[in-house]
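Heads up, there are several structures right after this.
The following pair of complexes shares a single chain, chain A, combined with chain B in the former and chain C in the latter.
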Partner chain A sequence: MTPTTLALTTLVAPASAALVLAVVPGLRSRGWPAAALCILASVVSLGAALGVLSGCLADPTPSVLAVPWLRTSSVTVAEIGVRVDGVVASMLSVVTLVALSVQVFSLGYMHDEPRPAFGRYFAYHALFLLSMDVLVVAPNLLQLFAGWELVGVTSYLLIGFYYRKPSAARAAVKAFWVTKFADMGFLAGLLTLFVASGSFGWDAHLAPGTATVVTLLLFFAVVGKSAQFPLHVWLPDAMEGPTPVSALLHAATMVAAGVFLVVRADPLFAQAEATRTVMLVLGAATALFAALLALVQTDIKKVLAYSTCSQLGYMVAALGAGSMIGGFFHLTTHAFFKALLFLAAGSAIHAVHSNEIGDMGGLARRMPVTGGAFVVGALALAGVPGFSGFFSKDLVLEAVEGKLASLPWAALLATAFLTAFYMGRVVVVAFFGAPTGEKAERAHEPGWSMRGPLVVLGVLAAGGGVFAAPFAHLYGREYHFEMGVGPSLAAALAIGGFGAAYLVFGRAKGAPLPAPLALVDRVAKTSIVNRVYEVGYRRVALALADGLAWIDRYIVDGLINLLGYGTLEAGARARAVQTGLAPDYVLAAMLGVAGLAVWAVLR
Partner chain B sequence: MSELRVLWMPLAVAGLAVLVLLVDVLAPPDRTARTGRALGWLVAAGLAGALGASFSVDGSGRAALGTYDGGAWTTFVQRLVVGAALLGALGALDDVAARTPKRQGEYWLLLLASLLGMVIVPGARDLVLLVVAFELMGIPLYVLAAYAKNDRTVDGAQSRAGEAAFKLYVVGAASTAVTLFGLALLTGMAGTSSLDGLAEAPATPLGTLGMLLVLGGIGYKIGMVPFHMWVPDTYEGAATPFVAFLSVAPKVAGLSVLALLFVSGLGVHRGAWLPPLGLAALLSMGVGNLLALPQTDLRRLLGYSGIAQMGYVLLAVAAGDAMGVGMTLFFLAAYVVTNLGAFLVVHAASGGGRGHGLDAMHGLFRRAPFLALALLAFLLSLAGIPFAVGFWAKLYVLLAAWRAGLAGLVVAGIVLAVLGLFYYLRVLQAAYMIDEEGERATPRASPALGLAIALCLAAVVGLGLWPAPLVDAASRASVDLVHPSAPVARR
Partner chain C sequence: MSLASCLLLAAALFCVGLYGLLARRQIVAILLSIELMANAANLVFVAFGHYRGGALGQVFAVFSIALTVAEVAVGLALAMLLYRRHGDSRVELASEMKR
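This part shows the complex of A and B:
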């Protein structure tokens, strides 16, 4: 099969599964058949994606299979289809691999759900994989946008899966709305790009000013999707969804879509140095800010959520520094180790029925596979030498070094220390020491459906560094690694972070947070950013709506009353036939006409 | 003979109306509801036949002393309104048979009379014919709005259909007066009532006033701000299946007139009508989207949402070039299937006797999966989410406006569209995520209603996946409409 046919297969498989589940309700309500079908589709997708990858490694020439989709007066504006190149091949493999792992894990994790809900869950998963694949293989930005929106809709379904829980329903709406708010930028950027270049391709040559506008607009959408400051607020809330969903959406796929967009539209971003500077600053700031917030969370999923924001900041900063490979390789390794961490956390939560790290304690002894997986993930995330995160972080730091007086570089190095520190805290408190409660004492390892994915992802998270060379090859670059000053510094910071965490939390568990952290904690709890948005919606949008309604009902009405008793009488007469305001409406409209007339005369 | 060929669509609709009248009069007087339903099916079959025939009959050319043109533009708009009438008839069929088994003939006759006006409107190339056709369309609608006036609502209160009809009538009558006055001024400016003559006339101050009065007059009919106030009240009061029809077909006719008159006839005077039209578009998008936010009655919510949708299509008219006009048609086609479908789902879902509030939708996903699925598609389409036809409609309209240099309006449109998500999402949340305990009546769509919803759903999804043929058709239909002397939109 040609690479494009294989890429098409990754779309057809989940699409067929979703379609069958949609039209045969019996399959969905029985649960297990739905899960089997969905996983089968993911296996086929993964096989096809790996086929694409091996094809691309042998011959990295891009190929496109597309048909005209959008026309105006016989001019083809955009095409729909699949494109295969290095970027697509690696992203497809990551997405399908993580999706399959998460689905297999869910077999055990969601086991106690009622059958229909179980089936519904897997139907959503098939839809999500389809949307993500549509986004990844897009041959132009318009199809990418379509996939982007579909990802938003399906993630809404998945985050709100426990819809009976009000907080979950609220979180789903918030996630959808915040990302959708940011998508305005995508749409406006697309329109500008089209008007300027006549196409939705990412290889257009634009005037410098136009390029800056287009890329800034696109980046606004990235800020929302990839949870960068100040639109990061939806991500911690989205932890209300089932934990495997967090592993899929909020580690490996959906949030990474923003970074993927920048990688994809790299030729456009390369024309806009100003946008890149904004990205560098915002990415580094988000990395540091979110790492600080992660320090003080006590909910294991919230720690991971803020950590995701922080790591996405790394990727954005790398892209801002112009290093596509740095950003994209970190996306890849992050997908492995963060999915691993979420799944391991899910396994722990499953065992103790609590998200609080204080309720866990000593889990590593009772659950060696889960504990081992979490520790491997934490080491990779912190960037301890030898683990995958070390190599990808090194690429990022190397790219950022020296830019803007090295301030972003310093921020990212500080983040590296903090990352090791907060992950060390979780590892020490939740997985070592003595069990803190009855449940933690009776915790036991889950079944193999949950342990299997942990092992597979664990191996990838630990050894993912070996992919760096073939990864660079996909883009026609060479990869060399030298243990110079930068990497040594990063390694020292990572190990130092773990050591500090052990010193602070290792002996006195339950102890209050040290003074500087208590301050961060207090700031985090005020959640200023959230408050701003809430006020924005309630005070501005709703108040505007109320105001308009009020004007509609009273001002116009009152004006008319002022106009004379004749109107009032007409109103009274009309009310006799139960019609209250009708004449007033006419008068209101007449005032509009009068306004038009005045305008025409004064013009 | 060739004149009859050009006029075939109005003649076909009129013939169908006469046939319905005859059947109604000649049928035995003791009909049960069942034979009455046959009358509705007859109307639907006739309309489906006319719609099918429009693809094989070539009606191009002029007729009636050059006042009627049967070209591509006319055919496209006619298909839209006949299609809307067909879907509306299918949706209303059982409702009419159940409410008023003895006088269904009236309902169908009035509907067809109104439709007759609608199929003449896009072909009219003379202001006099235009006014007559517009009134023919409007007057039966007032009566139809009052059709449910003796009904009782869920809590036993008197139906508000009388109020709905009265408001529609008073506002409609005023709108006619304003339009007529404006057209008179325009005729004075051009020295002729022919639309072709209008294009060549130099602007005069009184002529400009005329233009704006016409804009206001038609603005009433399509529910454009500030002429929108009747919309929510009428939608809430009248029978829902009728509102489904009312919310789309007259707007198609009204906007086709706006496009015809302003872009084709008065294109050279774009500078005079663009600012007020743009302002009306902005206000419609703003007021519609904002006031829809706090609504809890679904018919009012869809009413305000419809006002917002009119704002978007006005953007395309404001673009004032061939692309803008073509995208007006495309948007209207998408709007017909989407909005009609949404209203029919609301009607079907309220069948459980729980009214039209947001809570009537609770747990719809479990009780009636098909209706819930259709609702999802329609609301996503209205919100402009990809792979529903509404996304393309919005995208194209924004593209046309952006190309014509209306950047400010486009940005406002995008921002307000995001606001719109709030209320569409609230309805979906009620249907999918809120699930009350206990058994509740399962709404069941009758075959005709189900068919109408299924057709809308197929169109929304099918055209969403593959919009190219419809876009092509809309572009072709508008090619010969734009006057060559119209200013070319700048790139």
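This part shows the complex of A and C:
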């Protein structure tokens, strides 16, 4: 099969599964058939994606299979179809692989759900995989936008999966609104691009000013989807969804769609140096800011959520520094180790029935596979030498070094230390030490459906660094690694962070936070960004809405009502003509005849 | 007698009928007025028939008289119903559809 046919298969398989689950009654309500169908589709997709990848490694020339879409009489506005190149091949493999792992993991994790909910869960997963694949293989930005919105919808559905829980329903709505708000930028950017270049392709040559406008608008959507400051507020709330969902959508794939968009539209971003500077600054700031917030979270999923924001900041900063490969390779390794971390956290939550790291403790002894997986994930995330995160983080730091007086570089290095510190904290508090409660003591390893994905992702998170060279080859670049000053510094900071975490949290459990952390905690608890949005919403958006409502009610509706009232009044007046008296009608008829007669004579 | 004087007579008859139709309130009087107007028309038929020659005018006049009789029969029936209902047969009583 040609690469494009294989890529098409990755769309058709989940599409068929989602369609069958949507229309055939009984499959969802019984649960297991839905899971089997969804996982089968994912296996087929993964196979096809790996086929695409091997094809691309052998011959990286892009190929496109597309049909015209939105045809007017004279021009074809866009095409719909699949495009295969290095970016697509690697992203597709990552997405399908993580999706399959998460779905298999969910078999165990969601096992206690009622059957209909279990079936619904897997139907959503099939839909998500389809949406993500539509986004990834898009041959132009319009189809990418369609996929982008589709993943937004599935994200909404999955965050609100426990829809009876008010907090989950609210979180789903919040995530949808915030990302939707940002998506306005995507739409505006697309339209500007179309007006300027006459197509939705990403290889248009634009005037410098137009390029800056288009890329800034696109980047606004990226800020929303990839949870960058100040639109990151939805991501921590999105942790209300089931943990495997957090692993797949809100860590590994969907939030990375923003980064993917920048990678995809690289030729456009390359024409706008100003946008790249904004990205560099915002990415580095988000990385540092989110890492600080992650320090003081006590909910294991919230730690990972802020960590995701922080790592996405790394990717955005790398892309802002012009290193497509740095941002994209970090996306890939991050997908593996963050999915791993979330699944391991899910396994721990499943065992302890609590998200609080204070309720865990000593889990590594009782759950060796989970504990081992989490530690591997933490080491990879912190960028300890040898693990995948080290190599990708090194590419990012190398790209950023020396830009803007090295300030972003310094921020990212500080983030690297903080990352190791907060991950060290979770590892030390939750997985080592003594069990803090009855539940933690009775914790035990889950079944193989949950352990299997942990092992697979653990291997990838640990050894992902070996993909760096073939990855670079996909883009026609060379990759070579040198243990210079930068990598040594990063490695030292990572190891130092773990050491510091052990020193602070390893000895005295339950001791009060050290003074600097307590300060961060107090700032984090004020949740200043959320406050700003609340005030903005109440004071500005609602006031504006009230004003518009007044205009609508009294001016727009008023005009219409006036028209209706006038008609009624005129009718009431005209009614008087109809007296109901026969002589009056006769008179009218006679006058009419007389009038006609006069007209006939005078004509 | 010339055709013009016949037509003038018919017009006068018609106008008298029309006046009655508009001015009277009793249904029977209105029916009489309508009868006058119909007979004005009949007169025109007969007059034109006479001056044109042939029997066509007369045939039409006879036909019209028959129609008028039928119409008067319906009208009188209505007048009687109105009288039974209201104890009077003024035409303004027949405006129930309006209310």
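The criterion applied here is as follows: the second predicted complex is superposed on the first by the 542 of 603 C-alpha atoms of A that agree within 3 Å, B and C clash if a C-alpha of one lies under 4 Å from a C-alpha of the other, contacts with A are read in each partner's own complex, and residues count from 1 in each chain.
Simple rule for what comes next: a contact is a pair of C-beta atoms (placed from the backbone, for glycine too) under 8 Å apart; a residue touches a chain by one contact, two chains touch by 3 or more.
What you see is a predicted model; the values in this text were computed from it and never measured.
Using the contact criterion defined above for the overlaid structures, shared-chain residue A:Ala207 touches neither chain B nor chain C, since it reaches no partner.
The partner of chain A that touches more of its residues, comparing chain B with chain C, is B. In the superposition on chain A, A:Glu149 makes contact with chain B only, not with chain C. By the touch criterion stated above, A:Leu191 is placed in contact with chain B alone, chain C being left untouched. By the touch criterion stated above, A:Leu489 is placed in contact with neither chain B nor chain C.
Residues 578-583, 586, 590 of chain A touch chain B in one complex and chain C in the other. Looking at the complex, you find that chain B touches chain A at residues 160, 162-163, 166-167, 170-171, 174-175, 178, 205, 208-209, 211-213, 215-217, 219-220, 226-227, 229-230, 233, 272, 275-276, 287, 290-291, 293-294, 322-323, 326, 369, 373, 380, 385-387, 391-392, 395-396, 398-399, 402-403, 410-411, 414-415, 417-419, 421-422, 425, 429, 432-435, 466-468, 471-472, 475, 479, 491.
Those residues of chain A whose C-beta lies close enough to touch chain B in the complex are 22, 25, 68-74, 145-147, 149-150, 153, 160, 163-164, 169, 172-173, 176-177, 180-181, 183-184, 187-188, 191-192, 194-195, 541-542, 544-546, 548-549, 552, 574, 577-583, 585-586, 588-593, 596-597, 599-601, 603. The part of chain C that touches chain A in the complex is made up of residues 18, 21-23, 25, 30, 91-92, 94-99. Those residues of chain A that touch chain C in the complex are listed here as 578-583, 586-587, 590.
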